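Next come the structures, one after another.
Look at the two complexes coming up: subunit A is in both, with subunit B in one and subunit C in the other.
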Partner chain A sequence: MRKFASVLIALAAMALCQPGFAALQVDVNQGNVQPLPIAIPDFVAPTAADAAHGQDIAKVVRSDLERSGLFKPLDPKSYIDQIANINVAPNFQNWRVITAQGLVTGQVAMQPDGRLRVDFRLWDVYGESQMLGLQYFTQPTNWRRIAHMVSDAIYQRITGEKGYFDTRIVFIAESGPPLKRVKRLAIMDEDGANPSFLTNSYLVLTPRFNPTAQMIAYMSYITGKPRVTLFDLETGRSEKLGDFPNMTFSPRFSPDGNLVAMTLESGGNSDVYVMDLRTRKSTRLTYDPAIDTAPSFSPDGKQIVFESDRGGSQQIYVMNADGSNQHRISFGEGKNGTPVWSPRGDLIAFTKQAGGQFGIAVMHPDGSGERILSNGWEDEGPTWAPNGRVLMFTRTIRGGRGSQIWSVDVTGRNLRRVATPGDASDPAWSPLIQ
Partner chain B sequence: MKKFAIGPKLAAAVLAIFVVGCAKEPPPPPPAPTPVVAPAPAPVSKIIPGSAEDLRVNVGDTVHFDYNMYAVLDADKATLQRQAAWLAKFPAIKVTVEGNADERGTREYNIALGAKRANAVKEYLVSLGVSAARVDTVSYGKEKPICSESTESCWAQNRRGVTVIASGANS
Partner chain C sequence: MRNRPTAERAAPRLGVVFSVVLHVGLAVALFVSFSKKIDLPLDNPPIVPVDLVTVSDQTNIAPMQKPVENTPPPTPQEAVPTPMPEPAPPKFELAPDVKPTPKPKPEKPKEAEKFDINDIQKLLAKKTPSKTASRNVQGVGAQTAMTADLASVLMSEIYRCWSPPTGTPHPERLIVKYEVFLNRDGTVAQPPQLAPDTAAAVVSDPYMAAAAGAARRAIYTCSPYKLPADRYAQWRNFIVNFDPRQLEQ
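Right, the complex of A and B next:
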């Protein structure tokens, strides 16, 4: 198991760094953004041994920025200039000719202590100024993380929003024929790299990260009945959460990581409970004989959004974290479920079932401003990027032809399939890794 | 059930007589003499009373539900009455009712709906005199379809409660 907390990264502003005037920017709130043309040549390397890292890091940065939909990395074959020394200002005219508005120059060099040093600069080609310059040190095996951190820094400098490339996705890897599906807990980097399985062949569903991305709560059928289970990524150990006679499912951590909201079933009836991980005491929050499930905390931890069919059809409700003031917020068309509060607090994403379709939609926590972001045969189960700008969800193909993970910008743009090793469902986005 | 005591050879003979008796055409040529050693066991008569197969084949283990509903349908009550009678006959057997949903619902909701369906089956069995302690429930939501097409017919098949033996089966 890769341990994120142990990664050693030094970060320093470089001498040439003169942030301030930002002519080069992308407004992510615009409904229709032209991707920003940007050139990212292979990072220079003093030795042939470092050259591969320089190429690999630049390639990952190009891929990250392209995937965001906000950048258009230019084909390296179109470059007419070469970067030989990142400490010399580039010949901006040669980058303007190929329509680049942004330019990233970088270098990698193995240090005597065995660490890899990575430097990069972000240039405003038209403003002829440096926007950003950063330096990282890491173990060479962590070069991918450094590449994602470079991408995050560029994204943040140009959009004003935090990036989300240095994150991971926990999900359910699916295999086998439609009627004998094998579902396993799996994890990968946000770009699909480094996939690995965490469980074997018993049924598992709906994994969720805790706020430190070290713990995963999920539903496991390993004992025959679904039980909320915790998986510790550091130790690789799993543990059933609580000792309840019946089913427990749909877990989700509180923003401080101390609580898990989940559903307990008793006598066929499902209600929302909260368990305190420190005391292992559980508190019942809903008492309705209808189905109450799929809880998700607000980012301040003071409220919980959940779904219930107490009004006759599956709809979205909000309550205080102590269970008080339960009130319906979804009044749009069709049935609405699997609500997830944005980490920014401004929106709730959910699954809308209407007109024979399942789509991903967002609305404000008071139920206003509903917008549909995707529509498919069976799009469901949204999860937010830590910056609240992008969502992933499960797209199931009609006729038992498998499930895929897709992503979409909160504006509804940039709908695309996420790279997974085989079929996949139930994605959960990690917070930014510390 | 006496027929289960019939040996394979005799069963084959009984079957042959039955077929002959039903024929409306002129009688076919006399059947070839039964070999001393039957090449394959007869397809019937192998089910052990009180076994999983007995429950599935002779009693009926599955009931169905309307879309988004969990009430036991009148059409399925006879099946559950047979299950209750069968459970009375084999008191060592404990069962689990598995509730299932079609694909046209979200994952968590379908888990909860399947739990309501499994519980409805359990409650009906208990109303017929089966001890609640002998009937456990579980929900698979939409995770265990038996039909994969996205059609009304498949969804109807998948909206089901299945009674399976948890322990105490004869084998």
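Right, the complex of A and C next:
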């Protein structure tokens, strides 16, 4: 009996000692998806000369985060407090009043060695705690990249995913009348800044970055016949990839950058090949008499998704990287093509042609869970942000009124036009700049 | 004998005619339809209208559209709304004994047009009590009172402040459990604490860290919570599960 009583006492003691036990349980299974209100005052600067950098960096960060659709940078005119010293905790109450949930404080200072030092802190306004604090040194001309890196760090801390603001977009800049269209290879920052042309006066198509963002593969008509060409961004040199008798097109790098998958046309039949850039040896992967094209590697490099009309209409297929186990995955309405495997691996984006319209859609690699993200008159050619969260694509305007680049979140929200100098098409998103 | 074959020939012809007429009729019936307004059933999310309920041990919400009660109708004078927004019929102008109600409610013009003082009892019989007139909420629990349990009240407050993570791979795993500590005035007394299993996942998974951040912001931004002071002992601390599995991603 005494033993039983002691066991009871021990059990009671355990129950009482259990830390943080609350009887009331609340299940919240509905939400209200809203962008995060965040305040980003101009970065503090010790001198008037640095103040311009402080304002510019804060402005770029505000613009980056707003563009993502996941943040709502508050208008600086609404601030009732000013940041004078970033090493002192802010007066959180003053930021709560303007509904800010996040606060970014930063400072810029020119160093004696001529470099620019940028510090920033991300604060949880309601939790009254610092979430992040980082410091960068750079050449003053690089201030814009630093601003993008600050945006990336904030984005990652809040969303759990890497950012994509310190990236570049390579695209086809189009100009001239419809019958004499000039299509040149161009490049710009993700926010549309620093645009420049990489090629002149000849037709190029389907540019793709390699994993280090230093090399671009594209199809070029420079020799009269369409050929896959490599362009080195550092040296500015270009070279024809492989010596094939017929046209090659639709190139894409493997995740490790050592292979290029592309399409080789021969006698009216197109098939997928892979070329090893180290040995320059090519391997044929498909042997079907139908058109097999638009290959794209899975992020682990073990599989390739491609489009084929072997089943009677253009559909999406997946095979192993050695060409084995080819099987169809798209069975939805209409035709489906230009598949691109997400860098995250969870989705494949593609162009869907149904009901007389072209749209951008995503599905899981097994073909399930298809969702249409955009449906314009002619939306096509998706490319993934390096974090697999956002897509860019070409939107052709009805009536021959040119083409534009648009972006959309993988949820289908935040559809918006990407700023480009003039008409633009065929965007390719770079990896994060190293 | 000659007639028989004729009659036999006529019978199939009639059959063909009937068949054609019926088929045409069927085709016409399929093409022609009469428009009819169909009220689609509304989803009834388990949101408790907290403004109308008191907090009790269990959620017990009476349906909003009650059947008409057999209480004696009030006198016409109490129910006649004044002033009328549009010129009333002559009969109405002649009613000298009309007394204004303590809180006159402006009636909609449509109702005013239909108003007929001679038929006022019929009108009143049609009217449902004003507190339930504009809503159609299904009952919950015993459906005899207007009470919600504390968990329902808290849920209805917190969900408005929760911006759940979207677009993440496998969102079904991002369930965040926090213990919340409140002051008597409904403000957050101390930083909410992650449950041990959530805390472990937050360390290893950046998506979980982001989900925990969103949940924490929801807890803070919803503060102060409007809860019955006499039951503070029950809500001074509670566990809240943020579960995104039912959300559209």
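Structure notes:
Assume the second predicted complex is superposed on the first by the 402 of 434 C-alpha atoms of A that agree within 3 Å, B and C clash if a C-alpha of one lies under 4 Å from a C-alpha of the other, contacts with A are read in each partner's own complex, and residues count from 1 in each chain.
The rule we apply is simple: contacts are C-beta pairs under 8 Å (C-beta built on N, C-alpha and C of every residue); 3 or more make two chains touch, one makes a residue touch a chain.
The structure displayed is predicted, hence computed values, not measured ones.
Looking at the shared chain after the overlay, A:268 reaches subunit B, while subunit C stays out of its contact range. After overlaying the two complexes on the shared chain, residue contacts for A:346 are found with subunit C alone; subunit B is out of touch. Of the two partner chains, subunit C is the only one that A:29 touches; subunit B does not reach it.
When both complexes are overlaid on chain A, the residue A:411 reaches subunit C alone and has no touch with subunit B.
By the touch criterion defined above, A:160 reaches subunit C but does not reach subunit B. Contacts of A:126 after superposition: subunit C is touched, whereas subunit B is not reached.
In the superposition on chain A, contact is made by A:250 with subunit B only, not with subunit C.
Of the two partner chains, neither subunit B nor subunit C is touched by A:174. Shared contact residues of subunit A with subunit B and subunit C: none.
Chain contact summary for the complex, subunit B toward subunit A: residues 70, 96, 103-109, 111-113, 115-120, 122-123, 137-141, 143, 145-150. Against subunit A, the residues of subunit C that register as touching in their complex are 45, 47, 150-151, 154-155, 158-170, 179, 191, 193, 205-211, 213, 216-218, 220-221, 234-235, 237-247, 249. Chain contact summary for the complex, subunit A toward subunit C: residues 20, 22-36, 101, 124, 126-127, 131, 156, 158-161, 344, 346, 389, 409-411, 413.
Contacts from subunit A toward subunit B in the complex involve residues 178-179, 181, 183, 203, 205-206, 219, 224-226, 246-247, 249-250, 263, 265, 267-270, 291, 293-294, 307, 309, 314, 337-338, 351, 353, 358, 377-378, 380-381, 396, 398-400, 426.
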